[in-house]
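Worksheet: one structure, shown below.
Each chain gets a letter, A, B, C, D, E and F, in the order it is written, and its residues are counted from 1.
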Amino acid sequence: MASNYKITKSDLTKLGLYSVIEQIGFSFERMQALGFTCSMLPTIKKIYGDDKEQLADFMTKNMEFINTEMHMATFLMGLIVSMEEAGEDRTLICNIKNGLFGPLAGLGDAIFWFTLLPISAAICTSLAQDGSPLGPLLYIAIWFVSAISRIWFARLGYSLGTKAVSTISENANAITRAAGILGVMVVGGLIPTYITFAFGEGLTYGINEATVQSIFDNVMPNILPLGFVFLIYYLFKKKNMSVLAVILGIIVFGIAMSYLGWM
Amino acid sequence: MASNYKITKSDLTKLGLYSVIEQIGFSFERMQALGFTCSMLPTIKKIYGDDKEQLADFMTKNMEFINTEMHMATFLMGLIVSMEEAGEDRTLICNIKNGLFGPLAGLGDAIFWFTLLPISAAICTSLAQDGSPLGPLLYIAIWFVSAISRIWFARLGYSLGTKAVSTISENANAITRAAGILGVMVVGGLIPTYITFAFGEGLTYGINEATVQSIFDNVMPNILPLGFVFLIYYLFKKKNMSVLAVILGIIVFGIAMSYLGWM
Amino acid sequence: MASNYKITKSDLTKLGLYSVIEQIGFSFERMQALGFTCSMLPTIKKIYGDDKEQLADFMTKNMEFINTEMHMATFLMGLIVSMEEAGEDRTLICNIKNGLFGPLAGLGDAIFWFTLLPISAAICTSLAQDGSPLGPLLYIAIWFVSAISRIWFARLGYSLGTKAVSTISENANAITRAAGILGVMVVGGLIPTYITFAFGEGLTYGINEATVQSIFDNVMPNILPLGFVFLIYYLFKKKNMSVLAVILGIIVFGIAMSYLGWM
Amino acid sequence: MNEITLIQGLLLMIVVFICALDQQMEAFYWFRPMVVAFFSGIVLGDMELGIKAGAVAELSYLGLLTVGGTVPPDPLMAGFMTVVIAYTTGRGAETALGLSLPFALLAQWLGIFFNTAYSTVVRMCEKAAKAGDTGKFTRICYGAWFVKSGAMAIVAFLAAYGLQEPIQNFVNAFPTELVHGFEVAGNMLPAVGLGLLLMVMLNNQNIPYLFIGFFMATFTGVDNVLPIAMVAVAIAYIDYLYNQKMKAASAAAVAVDGGDDEDGI
Amino acid sequence: MNEITLIQGLLLMIVVFICALDQQMEAFYWFRPMVVAFFSGIVLGDMELGIKAGAVAELSYLGLLTVGGTVPPDPLMAGFMTVVIAYTTGRGAETALGLSLPFALLAQWLGIFFNTAYSTVVRMCEKAAKAGDTGKFTRICYGAWFVKSGAMAIVAFLAAYGLQEPIQNFVNAFPTELVHGFEVAGNMLPAVGLGLLLMVMLNNQNIPYLFIGFFMATFTGVDNVLPIAMVAVAIAYIDYLYNQKMKAASAAAVAVDGGDDEDGI
Amino acid sequence: MNEITLIQGLLLMIVVFICALDQQMEAFYWFRPMVVAFFSGIVLGDMELGIKAGAVAELSYLGLLTVGGTVPPDPLMAGFMTVVIAYTTGRGAETALGLSLPFALLAQWLGIFFNTAYSTVVRMCEKAAKAGDTGKFTRICYGAWFVKSGAMAIVAFLAAYGLQEPIQNFVNAFPTELVHGFEVAGNMLPAVGLGLLLMVMLNNQNIPYLFIGFFMATFTGVDNVLPIAMVAVAIAYIDYLYNQKMKAASAAAVAVDGGDDEDGI
């Protein structure tokens, strides 16, 4: 049974903006289920008015476990709203949602967490280095735009409708692959700038009192930071060390180096 | 009816050299038709002697619209001469010519106008910067060789003969693609050297009186010239602005910046 | 007839280490046949004890011509030992050996002679430049590890056994191709550092007494060393000049340049 | 060495409350050290310190992400306490960053506590859902949101205002070597973030690009990641085009076969 | 500030006549600013000025190409007048380049006029062609060639010799800001050329290479396009090899199918 | 200018003997100029000279490889005599390298002689093989190994100790231009090695990478080949991945066809 109400452009704008609360009420049990449902309520009430039965069914069905990246969540909301409006079976709708949120999380994380975040942080911290407020202000501006862009994601999800499902599964691989190349290359580029790992002037060897660091610089500049990142990676990946343990280890190491006068 | 005269190597050399006039008598109506026909006359007269009928037919048929890159024109002449010599039907010959001159123009332009020109100009202007005559002399030498190379194009066209047609259509794509990569990458490399677009020392901001230009340099060196080229590109491509309007706009902009003391 | 003796891990370690003598007794007639056979004798004696007949047959059959890269030789020994232990027909074993040693030589040369050697030499000579013993010591260490790695090659050959044959022929192309890219790119990178080919301050031209070398630097830095390598390559490849002739030519050229005061 | 007044303490509490609201949304990124430190610096009357300390903390917490619903050492609290400690003790931002770690861990545990405890909120919402009561559903969600943010704000107030003397004394007793040791460690910490990023992104197919990016940053004059990102986008796009073509080639094979089948039948 | 004598004026006319002959051929590239300015400088007794002004104008008119039969602002006249104006007014080459623009436009319009008017020449040639009269055909072409070159030479003579005083006065009345403004604009003008080049060459497939070239020029010590062109050739060739392989793979699919068909039948 | 004592001469002989044993094995690379010059320098009491001269010679003999069983000018003797000549004549390493060439050629001819003559050793081993006498077989091989090394050691001793005066006189009579000429040539000699490497490795498929490597070394601050090798491995691996995919695409075509055949039949 398709609804009588026709979703307007302004409805989708509001949906996009309101979806910023998508992660409130987060719990390990259901993750984003609460915020996700809550975000759609104003729009859904336009479709079903005060039809308590429909609203109850909608809320209950949408309270299943969900966890995805924020912008992708908004995209999913647009999709759901278009299907609700078309009167599709709600169990089907939820199945589609369940099938999509995982891959979409990977995609969104690659774009926003792994690419936009380091790039914006790099630009803004470099602007901020001499204390200029331009740094944080640009940072705030960038992410404000990112938040506002959810309007577009809501519209995209709505207009693609069910077509979206096959399109996404077709191109998810390609986009994830591209995001991986981008992200990994950026990380490679961040290593020399972000990490200082060098022995001090005081640590020398041999007859000429050449510094130990000069050996490493001779072999390859920045080889120590590069190796250090791979060590950390190895500790996480193969040794399953916790983030906390690694951080504490680094602090202990730093203090030890300081006392030895090596760094 | 194949001719009795056998085209010699020296005939082709002369054809190549004489083809430099290929563009004289240029008109919007027929473009290079006159010069193209004119270039071939000495060679064609060797084949048909004083057979006025053949010459009249040849000239008339070749006066159709044609427009291609110069070296490619010479190549086409070699092709035509080989087919005339073999006594192929002249309507067929002209059809082949009509089918080829377009793609060949793209290929030739990519090589000579878009690649050899900027490279030779870059090298020679850098030699010329301190007023050394080496700059223009080398420039003249390079293009002299380029003009002389038409001998080779004439021979190539002649020896490939009709085989050329399929070979070209097969590889045209690949060569155009490669020329595009080359040309576009060279343009990218030219941007920082060729275009100066930077705000002056006088334009500052904030408490520390840091220059505005330093912000752009912080974000990415040469980002203004890069952006400016894309702006111009956009004005041409999407706004269909005329070259003249863009040039005048730049002059007005430059004068305005000068009066404002910003540049 | 399979042997009663079971080859142990320690047998393979000894085989790997002992295989360093694989090239002693080298002659143009049989190349590495003597050393190759000699290297395997202690292990083969474990299998056949004092069975003179088997030993004589083994030695005689293995004295055929063979020439391969050292590490690959060890690999082949492991392969042969596994087949001897399994009681395969010895003529078959030798046929397999004859089919493999050629391709394996190409692979091994690409890895050890063309890649590891220039890289280790580059690193160690740069460490050695100011007379630091670190240079030769690291060099000795690197190649010690390379020699010791034969233990691993012996084990690999033994454990792959006959499966190795198809695996190698399948991937040889891919590995050779990769080694070629690596090697050629490293050579390109070595040119500017290794070869000094520049005209002296004394060689000038024109009114301003600009140096001739500045022209070449203007066209492209290091263009002379690059061109020189290609000239040498051309002399070897197309003119079949001998190494000796080229070396003498360079010395004569150097002395001439010195007397002319050009370099 | 400066003191934080009560009014400043209360204002800082409001700053943290607002940023904590955003932290649960992950919408405007005001929970990032860069932003929270900026605001805190303004409140403390030393904006420049806030900006610099925020930049240092931002970089260190770049890879300590919440991805997949995990709770890492808290970036909000780290950025906040880096400014506060730098302000009250007069130490440099690197040292202060090291010393802010215990507080970042405290906030991490607080977060884990709430994420666990909020199963009760789920129960409450389920009831409202069954009743079809959208208003109640929404109010419960908002309540949960504000409570968690309030808790974070109170912890921040106590740490910044309440503990300032003990922290000062503690830090002042530090020998130089220890302080320098914290700086050294602070300079290395970003490796943790990058290591975590790699955990998620690195695979057999894209590892070569890591080295290309590293080479570009080390051997060209680049001191900003944007140009590298620009080239990375270019390379990723070239790769994409190749892959599309190869897919098309494979598809051609299948299509040819498909057409063929029909002929065959 | 120098004056151009009548003899110099006439010699310049000859220079422009010869270069204009070449401009119609586009054979020896003597119509390029670099060359015409070099010759003009020699005639004016200041070769160095000619070389420098030619270099500046050459770069600006790099992308204002005649490709596809279009007529851009005239590079010959631009190169010529840049030297002349720099010589007579004593201004720098950049300023002179800006001031030469009106003349480049004038020559552009002259070119368009001839390209339109020469339809009559086509008619005349058609008659000769029908008569099979190769001699007449050739003479007509040559006539058209010389007439157009002559017109260009006369315009150049008038502009350089006849207008020198008005130009001097005009330019001397310029305020510094205006002169500097022309320089600023002159430094930006090459963007027009590059923009036009991109119009013809840029597409979805090759846009990433633009950024790679830009990166190389910005972040390595390259100050000449040749090394970039060298790498570009290398990359284009690698791309070519991949494409050949992919074509082969697709072809294999079809071939396999072809062979198969025969089996099937 | 130094003299080599008899004891030093004998010690050098032992060094060369050991390195010559390794030269036949090609196992530990002690036959490379870098190592043999290092040991010789120690014996001569000037380790630094040995290290520097070894580095210079190592680079020059980088491509003069034995690959395929060919015998090039001898690296062992070149490294050895470079130190010896630098030590006795007081000339720089580049000059000494040039002057060592005759000795490298002498050793090359010695090597060719032995490789030819050792056909007799093959005969002896054949007899032992037929008799199944593993001990005798082994002893013959070892004998051949030691004889060749001994010959090399004696030649080295004569050249270093016996000829030192003639060499000194010869070199001291050199005009400066000649000495400088040897240096110039010495700086170019590595081109021979690289040319030989290219002979074996270069082909139509990988030539673009040569230019990329050249560009990287020329225009970035790299002064060590390792970073370039790192990027080269990355690029080679990317190339490998593409090739695997294209192989898979082609294979798909064939597989599809295969399955099809079965359907068809």
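Note that a residue touches a chain if its C-beta (ideal position, glycine included) is under 8 Å from a C-beta of that chain, and two chains touch if they have at least 3 such contacts.
Chain by chain, the UniProt names read as follows: A, B, C = PTS system mannose/fructose/sorbose family transporter subunit IID; D, E, F = PTS sugar transporter subunit IIC.
Note that the structure is a prediction, hence the values are computed from the model and not measured.
Engineer: Could you name all chains that are in contact with chain C and with chain D at the same time?
Structural biologist: A, B, E, F
Engineer: If you tally the C-beta contacts for C-E and for B-E, which one comes out higher?
Structural biologist: When B-E is set beside C-E, the one with more contacts is B-E.
Engineer: How far is the middle of chain A from the middle of chain D, if each middle is the mean of its Cα atoms, in Å?
Structural biologist: Centre-to-centre distance between chain A and chain D: 10 Å.
Engineer: Averaging over Cα atoms per chain, report the distance between chain A and chain F in Å.
Structural biologist: Chain A and chain F have C-alpha centres separated by 54 Å.
Engineer: Would you please write down the residue numbers of chain E that are in contact with two or more other chains?
Structural biologist: Only 205, 207, 209, 211-212, 215-216, 218-220, 222, 224, 226-227, 230-231, 233, 235, 237, 242-243, 246, 249, 252-253, 256-257, 260, 264 qualify.
Engineer: Name the residues of chain A that each touch 2 or more other chains.
Structural biologist: 123, 126, 132-133, 218-221, in rising order.
Engineer: Just spell out which pairs of chains touch, all of them.
Structural biologist: A-B, A-C, A-D, A-F, B-C, B-D, B-E, C-E, C-F, D-E, D-F, E-F
Engineer: Which residues, counting only chain C, touch chain E once they are in their complex?
Structural biologist: 218-221
Engineer: Show me the residue ranges of chain E that touch chain F in the complex, using the header's touch definition.
Structural biologist: Answer in residue numbers: 216, 220-222, 227, 230-231, 233-235, 237-238, 241-242, 245-246, 248-249, 252-253, 256-257, 259-260, 263-264.
Engineer: What residues of chain E sit close enough to touch chain C in their complex?
Structural biologist: Going through chain E, the ones touching chain C are 224, 226-227, 230.
Engineer: In their shared complex, at which residues does chain F touch chain E?
Structural biologist: Chain F reaches chain E through residues 205, 207-209, 211-212, 215, 218-220, 242-243, 246, 249-250, 252-254, 256-257, 260-261, 264.
Engineer: Given the complex with chain C, which residues does chain F contribute to the contact?
Structural biologist: Chain F residues touching chain C: 24-30, 32, 34-35, 37-38, 47-49, 51-52, 54-55, 58-59, 62, 64-65, 67-69, 72-73, 98, 101, 105, 115-119, 121-122, 125-126, 128-132, 134, 137-138, 140-142, 144-145, 177-178, 180-192, 194-203, 205-207, 209-219, 222-226, 228-229, 231-233, 235-237, 239-240, 243-244.
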